[in-house]
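Next, two complexes with subunit A in common: one pairs it with subunit B, the other with subunit C.
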Partner chain A sequence: MTVAPLTPPQPLLEVSNLCVDFPSEGHTVFAVDDVSFTLAQGEITGLVGESGSGKSVTSMAILRLIQPPGKIRSGKLRFEGQDLLTLDDDAMRRVRGGGIAMISQNPANSLNPVMTVGDQLTRVIRLHLGLSRQEAYEEALRGLRQVEIHSPERRMVQYPHELSGGMCQRVMIAMAMAPKPRLIIADEPTTALDVTVQKQIIHLLDQLRQRHGVGVIFVSHDIAVVSQIADKVLVLYAGRAMEQGLVNQVLTAPRHPYTRALLASMPYLGASKLRQRVPVIPGHVPNPTAAIKGCIFAPRCAHRIDACTAERPVMVPVGNQGAVACLRAEELAEAPSRLTGVRI
Partner chain B sequence: MQISALGRYIIKRLLLLIPVLLGVSLLSFSLIKLAPGSAVTYMLGDQASEAMVRALERQLNLDQPFFTQYFSWLANALQGEFGMSFVTQIPITELIAQRLAVTLELSVIAIVITLLIAIPLGVAAATKQNRLPDHTVRFIAVAGVSIPDFWSGIILIFLLGVQFQWVAPGGYTPISEGLLPHLRSVILPACILAFINLALITRMLRASMLDVLSQNFIQAGRSFGIAERELVWRDALKNAFIPTLTVIGLTIGIMLSGAVMLETVFSLPGLGKLLVDAVFQRDIPVLQAVLTLIGCFYVLVNLFIDVGYSMLDPRIRF
Partner chain C sequence: MAHMTTPDPALTTDKFGTLDDESRPEHTGFLAGALRRFRRNTLAMVGLLLVILLIGTAIFAPMLTTHDPNAIAIADRLTGPSATYWFGTDNLGRDIFSRVIVSARVTVTVGFGMVTLAMVVGLPLGAVAGLYGGSWIDEVIMRSCDVFIAFPTVILAIAIMGAVGTQPIDIGPFTIGNVAKVIVVGGIVLAPRFARVVRSSVLKERPMDYVEAARSVGASDKFVLVHEILPNSIVPIVIQASYYFATAVLTEAALSFLGIGVQPPQPSWGQMLSQSQAYIFGGDWWFSVFPGLAIFFAMVGFNLLGDGLRDALDPRGAR
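Coming up: the complex of A and B.
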């Protein structure tokens, strides 16, 4: 009797030690510096961090859409076992939209203003599914219905400016879903929308994940929004990974001082979204350059010690599936109650 | 009856045009009156007697009050009747009919040449910044601004017409004498005319292509796997052409003045030549007619451009 080999299910996406540089006069910005994570089929990973922490650059890098002079300096990107960095341009183009689809922050600007919604939808569908005009039209209608757009026939002949922001985002989701991708990268998909629409869009993405088993990378500067949808979370700061783990664990027992500060700046987590949140952490995200040694969060960290600026902390596994990059993570975990403070 | 939004818009614009056209005609008519010296004196010469002057003035309606003259002239003009040339005694309508075709042909060929060069060059300059196409655009821009047209006209006549004899160095061969000789007689001035606006239009297209290519929807298109070539030539170009179209409309005026000058340099029997001859001969009725016609032409072309603009850009509501 033969025993079926017990291979662990292959992850949908593997990002290993990704580094993205933007050279500019005098210095190079390490926009993404040694970031790794994996995503399983049907899983939602949240990418959080303040604006400028490298979330969009990470997303763009996965699609190999970093515009020169920026470039992926090193790292590995494996999608369904395929090495994306060695694919030729045509194959990579088929992955874009076909295997991995992207929904971006500003739905109103993501559609061509002089093309009808229908033309744009059917173009993408025909490109990836090779359907006839008529079949693609039917498929587009089906897609619009799936994202709960009413009278889709009418929408097909409209131009983007005739739709609301929320409606445009639904169209973008329909366009992303139509070619049946296995991974969706949603880069701040709700940031430009009002709270009600925000909820609907999140609900929609969750449904699509359940129904079609797509993996989702959900990017947001707002850890509260991420907590509503994600299974796992990766906290980025100035291009480096600070902490990662299951959402519940990270939210209830954050290990990294930056994660704690992020959470502390959102005291109404889970409560009414209408109330204004406390301003974010004092200071700003530095432009990560070669000059920065040691922990990149050190200048704003309330728990900094001399060692922090000498040695760069590496990601150390903690708990179930978690990891944290802080020299003092273990030590600080002992006394969690005193740890929400931030140096001003 | 059902009229589309576009139809209503065009009708509205045409109605708004009436006062503009009246203004154009009034200006063309009265500017001539401001010029020193009476036309009649020019026609009769210095030695004419007072009585002869009066008689001719009465014959030409020049003894009437200004607005009486204007309205009777306008009433005739509206029926396509501009009177006789003072100098040649040929009906002006006939003179214009002969000349209009030449100027129109010159302008249309020039616009086609401009677009044929400006579109690929503008797109290439935007997509290959700081490389050869971009430098070419910059060179053309500098050359276009700093070299006077009549100078390049004369140089080109000499080189291509006299030295190499590729094209006719001047003079006009009507199309009835064969298509090729005809084209050889108009191609050089048409190219120079095209060159006048080439730099402006190419640079405008380059700038708006750069603007459009940096917009979100282009990057979104890439993330959906749409080929770069399609994004540039379909998505971006259609967007970038909209503001460029306005500039093209504005350059029609420059083109018309260029045509006047080039028709003189190349001795082509167009409207411009007619206008210049009329100026030198103080042929006032011809001047009035041609100026009015050019003014109306300019206004109408810009109306067409506006309509084209609103058809290209779905965001424009009438």
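Coming up: the complex of A and C.
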């Protein structure tokens, strides 16, 4: 399927020390601050965090679609060994869609309301693959079959408002897959859908990954969903990476106090009403500006020591492929956690 | 959405009475719904009728006249409406009915010309300004437009027309006639206003998800503008075009009234009003009333049509 020799030494995507700034009155918000991760071919990485943690900004940054005045201050983005930040606009446009595709949060609004599904699909296909109208039509139909949409011929002539949210998302996935990208960025692809459809979409993404070997960045605030699909997970908080590693490890044996608190605050079905309330993390997410010296989670952390506010913790490798940015990670790992892992 | 074979009783009635058509889920398509709303709007239909009447008159003018519009019959000067002269005669004994009919043609020509020119110039300007909204490109385009918009349409048209004069201009093998000149002047006056409308509707669509989605699959600025944004912002543009038609008609009438618009022997409503000025208080009411009514109905027609289009195409708008 893939042409490039993607043997282990070269990952599909390499994000290193990515920083994205948004200047606002008087100060600059560091929406993404020193985030690094790699993604191999056929791998699914979950980007997890609360609202404003920088998940979406990270994914938009990979496509270089940060809206001004926001900008990528520093860092490296390597896609198939190619430095995305030095590409000219035309080359970058070919990467968008062609190499890296995006599936967005709001399937119903992400399709052009005045154009039929078929027109939109064939347009994208012709843009990237340069096929004739007839070939593009066939290709579009094939794409719709691949996403297992019901009666694809009919969908081709329908308008987005005639489709359900789940169908729109399938169309979006078909559109994303049409130019045969090697990486898909799925930004909260299931958030607007109900649980059954959510499951189907996740299954579909997983299938596409297996069949075509595409890498997937799966952005979600929903840890349960990420646990179902991702191989690896990166936990973000206020624009900084807190912890990363294999999904089972991070979610069953979280090292970072934030990850633990996040997992502990997940409600789950079957909890007795008599049990205590869902635990919450006290305080609120700070605006990440230059003023914050130490660990950005320190003000809300139950395990804070003086050193935490003085010095910014760096990502330290732990276990198998994991890393955590906490001064006390090792020490806390020894202590028995009163928090249990995620119930999958 | 599947078509229901039998009407769902819950859809046709509820405990508050019969549900209005508008609140029924849309399964007929946007244009069908708009057409239905338009047809149920009496004023809109009146507007459409007036506009059709005007355009029909313009097309078939030579067949509708009863006299030669320029034939002078001094013996019959200033006679009131009669079986021979339906709208009476003017100070030179010319048949006012025939002159009103023939003038419809110049009105429609000038109106179409002005609006088309305003669109051809204003649409790309506004679209580009909207696409790069907030940037220096937007600033340059819109501030230049503001210079024109700062003056009332008619005043600006008079100023330009006054500066270039009413005589035909020869440019190489082409002659820019008097009517063409009026069209160009009107187009210049209306284009910046049009650009502003286009810009605002492009700005409204620009942050939409589908635009971002298009960019994320590698669409260029031009592609996004032409294929994504413009098809979605066409509705306010069409509505505005209808209103500008009325403005164009009025501008032409004003210029002709002042003698710097359409020149004799070609009659026009504004010109006829101008000629009738001296006779308004002399009891020769027909001289001024009929061309005045013609302008009035043309204006009302385009305005009602514009209102009707607005209400039909944008059902969420204030009613």
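A few remarks follow.
Keep this in mind: the second predicted complex is superposed on the first by the 313 of 344 C-alpha atoms of A that agree within 3 Å, B and C clash if a C-alpha of one lies under 4 Å from a C-alpha of the other, contacts with A are read in each partner's own complex, and residues count from 1 in each chain.
Rule of thumb we're sticking to: a residue touches a chain if its C-beta (ideal position, glycine included) is under 8 Å from a C-beta of that chain, and two chains touch if they have at least 3 such contacts.
Just so it is clear, the model here is predicted, and its values are computed rather than measured.
When the two complexes are overlaid on subunit A, subunit B and subunit C occupy overlapping space and clash.
After overlaying the two complexes on the shared chain, residue contacts for A:97 are found with subunit B and with subunit C alike.
Applying the stated contact rule after C-alpha superposition, one finds that A:175 touches each of subunit B and subunit C. In the superposition on chain A, A:212 makes contact with neither subunit B nor subunit C.
The residues of subunit A shared by its contacts with subunit B and with subunit C are 63, 65, 93-98, 101-102, 104, 106, 109-115, 123-124, 127-128, 159, 161, 172, 175-176. Of all residues in subunit C, only 1, 26-27, 29-30, 208-210, 212-220, 223, 227-228, 231-232 touch subunit A in the complex they form.
Looking at the complex, you find that subunit B touches subunit A at residues 215-217, 219-227, 235, 238-239, 242, 312-315. By the touch criterion stated above, subunit A contacts subunit C in their complex at residues 63, 65, 93-98, 101-102, 104-106, 109-115, 123-124, 127-128, 159, 161-162, 172, 175-176, 179. Chain contact summary for the complex, subunit A toward subunit B: residues 63, 65, 93-98, 101-102, 104, 106, 109-115, 123-124, 127-128, 159, 161, 172, 175-176.
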